[in-house]
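Chain nomenclature is as follows: A, B, C and D, assigned in order of appearance, with residue numbering initiated at 1 for each chain independently.
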Amino acid sequence: MSSNFNKDRRTLSAGLIAFAVAAAIGTPSFAAAPATKTINTTGLKITDTEVYVGQLHSATGTMAISETGSIQAEQLAIEQINKAGGILGRQIRIIQEDGASDWPTFAEKARKLLVNDKVAAVFGCWTSASRKAVLPVFEKENGLLYYPTFYEGLEQSKNVFYTGQEATQQIIAGLDWIAKTKGAKSFYLVGSDYIWPRTSNKIARKHIENVLKGKVVGEEYYPLGHTQFGSLINKIKLKKPDVIYSIVVGGSNVAWWKQLKAAGLTAEKQTILTISVTEDEVLGIGGENMVGHYSAMKYFQSLDNPNNKAFVAAFKAKYGKDAVIGDVTQAAYLGPWLWKMAVEKAGSFDVDKVVAASPELEFKAAPEGYVKIHPNHHLWSKLRIGQWDKSGQAKVLYESGLIVPDPFPKGYQ
Amino acid sequence: MKAVGGFLRKHDLAGILVLAAILLVVLPLMLDLFRLNLVGKYLTYAFVAVGLVLCWGYGGVLSLGQGVFFGLGGYCMAMFLKLEASDPASTKIQSTPGIPDFMDWNQLTALPWFWQPFHSFTFTLLAMLLIPGLLAFVIGIAMFKRRVGGVYFAIITQVIAAILTILIIGQQGYTGGVNGMTDLKTLHGWDIRSDSARYLLYFLCCALLIGGVFLARYVLGSKLGKLLLAMRDKEERVRFSGYDVAEFKVFVFTLAAMFSAVGGALFTLQVGFMSPSFVGIVPSIEMVIFTAVGGRASILGAIYGSLLVNWAKTFFSESFPQLWLLFMGGLFIAVVMFFPNGLAGVLEQHRVRIGEWWRKCAGRLRPTPAVPLQRENHS
Amino acid sequence: MNMTVQPISNQVVLHVEDLTVSFDGFKAVDKLNLYIDRNELRVIIGPNGAGKTTLLDLICGRTRATDGLIRFKGRELTKMPEHQIVRAGVGRKFQTPSIYENLTVFENLEISYPGGRSVFGALTFTRTRAVTDRVQQIAEQILLADRLQECAEFLSHGQKQRLEIGMLLMQEPELLMLDEPVAGMSVPERRQTAELLRQICKGRSVIVIEHDMEFVRSIAHKVTVMHQGKVLAEGPMDQVQADPHVIEVYLGH
Amino acid sequence: MEGVGVGEFGSILLMQGFNGLSVFSVLVLMALGLAIIFGQMGVINMAHGEFLTIGAYTTFVLSHLTTTYLPSAQPYYFLVAIIVAFVLGGLVGYAVEYLLIRHLYKRPLDSLLATWGLSLVMQQMFRSTFGAKEVSATLPDWLLGSWQPSGTVDIPLNGLFVMVITLLLTCLVALFMYRSRSGLRMRATTQNRVMAGAVGINTAQVDRMTFALGCGIAGVAGAAFTTIGSTGPTSGSLYIVDAFLTVVFGGAQSLLGTLASAFSIAQANSTLEFFITGSSAKVITLLAIIVILMIRPQGLFSSKVRK
């Protein structure tokens, strides 16, 4: 009974309908494309002229707010790759699935993309919970996932490439900077009550106490979707910390920053460093509420290097002049390009070959400047500190050197 | 219509046989393994729907917290599978091997006491039923003895769902938090993710569901079933015929909770992970909607309702990723507005009409009263 | 059709002493005393709002008394939950006929059968010979023997009233309380019900609330007149009808 | 408490008291519309959150219009937005009542399912028109920042603004319901629709206006919440459970009950939050509500009616 009962004619048609919806366009060029069987020995869905990839983000539900940027960036990258002739002479076709901000749906759609549609790679997920839900499916079906979000680390899977920063890259350099420039000694840690804030604050606390010899005067968590932060603000005023270290997410994030401003904790009176506010979030919070505060990210839209200028222009051309690009959106943009380089270096779409060819790959045209894939499937990248202004953009004040990714940091467990 | 075996009327048995045929023969032939596994997932929601038919359709008790019992059943099974998947060998890179990964992150060095018993599978099977059953019993006693009912009870069950979600997400050291318990691999060494396991689990789920239908049919066919119907419309008359109405509501609420718990455990086995996203307010309301679409007073209707709504959700979201929410919202409104008794209601009306037409031809006209379902008992 | 009143045995089965219930100060029943003997058929009459129905509600536990006591066969009812009061032998019929519309007449009567009252009992209840005979016997008594398999919904108003009385009889109550059993009935139906009441009060006590004086005269052993929550007068029908207070307040000029 | 003088501690307690009041006014504003729709009419409107979002988006659109076309009107647009939000919420409520709710009066539990479907539809409509991303209205300057009566005390202006709006709105609703003819007709209809119809009240019209009023108030709440919360397709769902809880806990029929329950929930939650973590504060408050509802199933202020 283990063998598959029958060829799935019906699901192929469903895949085609979804493919018709896909946005990929561009003229396929028939350069000397290598024969399909040589570059696809594991039954992936590849023809002489096309290769299918999956895109698995939340287009609906509470996470749609954050994931729309990633969807747009990945589609822009694929469109540009197709214009430049695709990969190994094949145009990339996207099968888009909606995770609907619901983790079991992510797992269900991931299995559909890998088992039914046999896509060559998947660009998707945003929250840690969605990644954890699909991880067993990718490892069992030997699929390939490019995961864009900065996250808590503590994971290193053969089938996943993490194009966002892991916790230590984002936290440690940021804390060092704020301690040095502001002479900060006392910190108040705040976060939404789930895995990423709790784990990141654990690393931050260890770094503050052991390395910076500072003091953590308070640590508070509020349920996801919480909207009343008055008591917390009063508690903070009681402790008068040098810096508030904030990792609040989603709808609560907007309420938190608005209520901070309303309680008089503007940048002049209280230094706040956050790792959960990008240009996307500032769109919802409103520039006037973020003026003067600091974010530690690896990418800001205002980075002035030629790669970024071209990327921002292309993004605005496709998605409207007041579109904004945040850290995760840029990291998502890297996904397709890194996959392209790995496939071309490996000369094949087979997942194992692509994974083997990825380490040490350098992407010099990255909007954030330069990234290199580390054998642990994360990226060497720089950390930047941006100060927000009224218009909703951030001025980059500091740029660290290249930081090695270390998902299992010793001494911070 | 002479009752076959006491509690099964002839057309009931036919209905169950048709369902069994569809689940055990038609679907496995038609669908590939991936879609079949999806159907298996939908069937786990059908357990909750059957429970809701008992406690809401017949007993008049609407619970907006079935996700709590579905989740508890699922978490018990997940704890067992997680312990088996976290043996010292495969977790050697952790600072304390032998314990689940999320505990290691949260600086737990030893397995908490309430996890210990879940090493044994028999304990898990018992706990899977008893813990949700006990919680439902306590809530039932607390609420029904004090005559809390109708909309108040619904809102309170919703609050309990909200509380349990906050607790599970907050105590991530013990429960895996918002990520839930993932990477469940084997049950007593048997790899539950292999294709053969998926088939076996699918058929196990169908068999248990059909067993559940017989149990529900037995309960509704017995005097208790008549009492539930009587209670839903004339609760006072039942109370003044010498029955402690609260006792019956507690029983039917606890039974519905156990049905949901079995569904939850089967979900964990078939999908391979369990997370708080099944325990919250939204999933609990969706479970009520499966029953409403199928027909709240018909066990088979509720099962078909679960299958149809979930299949529609997958199909719409696959082909119209932008607009599927519109279809789902429209479907719920249409069900409530145009066929209040759900699909089963539509079928019932037609069957009565067909039945009469058939008998007219055969010359034996005898009106068979359909069970009117619509009186809202606003206790 | 003036029936002679049967002799009243000395044994009192229901003691109601200083019974009071007040809704925000309004005393629906005010320090009321009532004593019912075994096998007595007591009729309670009085203008609307005199507290008649509230009195029955208090005895059967539907409403909780603020003060006073109700002792039935030596057991204090004010502390007991409704279903225990019923099991102690107190049957209550409501003003509007409350029967299970979507069940058959047989099933309506069967539900009131005293067996299988706990959850487990209801699950394992089987329709034994004893049950069907009892239902058949009661059905004949309430003249619905030929309609047992019909859905209660299709019965006439009079038949529904009699069905509810039948359901009470199934419980073998020792005290039966009927709230306007003949309201809305035709004259022949009233005569049938009067005959039924006279039959069923052999072996049990009955309290009836009614307004139709002709009907009251034909069944009452004793009459109690209530007014503003208190007992205005009590005694045989003729004595009560002659009482000046009663005339002035209730029977009208 | 190093680094905090006694005076300062006093001002923090003052601010904490103010915070309790501002949470109270948020809860009241959120629950007021629902108290009318669910409390008076018995209709369980699960789409109440989405009517709040209508108000929020109205404010965003108006702020966008004034910044582009009429920058001079910047300070006043917010008050106009509140009124427009009321009218728009009311209109949508009017239409929803006509199309959907009026068939469901005798089936409260069904109105729960139908309005849940409605909330999904409305969320998708917001997403298609305004995009999935969160937006924010640029608030006028007099609403930003805080008012400092003394050196150490910061009274958030938006909290103050929400409180004023709540006070105003509650008085208007109370006046309407208990002092005006149409309010009388509304209460008559909700308490006994058949009898109200018999004495010549056009119950269908009254029901429609009542529902529209409830939704209009939700619109105002949504507009006011743009000062303290987020505006996105799903931001309505943040408030729906708290709103229902406040109305149920206060006793469905009575407006006073809603005010009392909002006050007790707000004070309990905010004081607990001051001493223990946010999550446990919320869990304890919810548990307390369930226990109290168990003791008084009809809520704090039930109407004394003989059933």
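By definition in this document, a contact is a pair of C-beta atoms (placed from the backbone, for glycine too) under 8 Å apart; a residue touches a chain by one contact, two chains touch by 3 or more.
Just so we're clear, the structure is a prediction, and the values are computed from it rather than from any experiment.
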Seminar exercise, completed: Note, CA centroid farthest from subunit A's centroid sits on chain C
For this session: Select, from B-D and A-D, the pair of chains that is joined by more C-beta pairs in contact.
Result: A-D
Seminar exercise, completed: Between subunit B and subunit D, the Cα-mean centres are separated in Å by 34
For this session: Just give me the whole-number Å value for how far the CA centre of subunit A lies from that of subunit D.
Result: 36
Exercise. Taking each chain's centre as the mean of its CA atoms, how far is subunit B from subunit C in angstrom?
Worked result: 44
Exercise. So how far apart, in whole Å, are subunit A and subunit C when each is placed at the average of its C-alpha atoms?
Worked result: 76
Exercise. For subunit A, which residues are shared contacts with two or more other chains?
Worked result: 59-60, 193, 221, 223
Exercise. Which residues belonging to subunit B are in contact with no fewer than two other chains?
Worked result: 166, 169-170, 322, 325
Seminar exercise, completed: Where subunit D touches two or more other chains at once, the residues are 123-124, 127, 279, 282
For this session: Flag every residue of subunit D that touches subunit B in the complex, lowest number first.
Result: 42, 44, 46, 100, 103-104, 106-114, 116-125, 127-128, 241, 244-245, 248, 252, 279-280, 282-283, 286-287, 289-290, 293-295, 297-299
Problem set entry | Touching residues on subunit A, where the partner in the complex is subunit B | 1-2, 4-6, 8, 11, 14, 17-18, 21, 59-60, 96-98, 100, 102-105, 107-109, 111-112, 115-116, 127-129, 132-133, 135-136, 140, 154, 193-195, 198-199, 202, 221, 223-224, 408, 413
Problem set entry | subunit A-facing residues of subunit D, complex | 1, 3-4, 9, 12, 15-16, 18-20, 22-23, 26, 123-124, 127, 131-139, 144-146, 148, 154, 156-159, 227-235, 237-239, 269-271, 273-274, 277-279, 282
Seminar exercise, completed: subunit A residues touching subunit D in their complex are 59-62, 64-65, 67-69, 193, 220-223, 225-228, 230-235, 237-240, 251, 253-255, 258-259, 261-266, 280-281, 283-286, 288
Exercise. For subunit C, which residues are in contact with subunit B within the complex?
Worked result: 60, 62, 81-83, 86-87, 91-92, 94, 98-103, 107, 110-112, 114, 116-119, 122-126, 151, 153, 167, 171
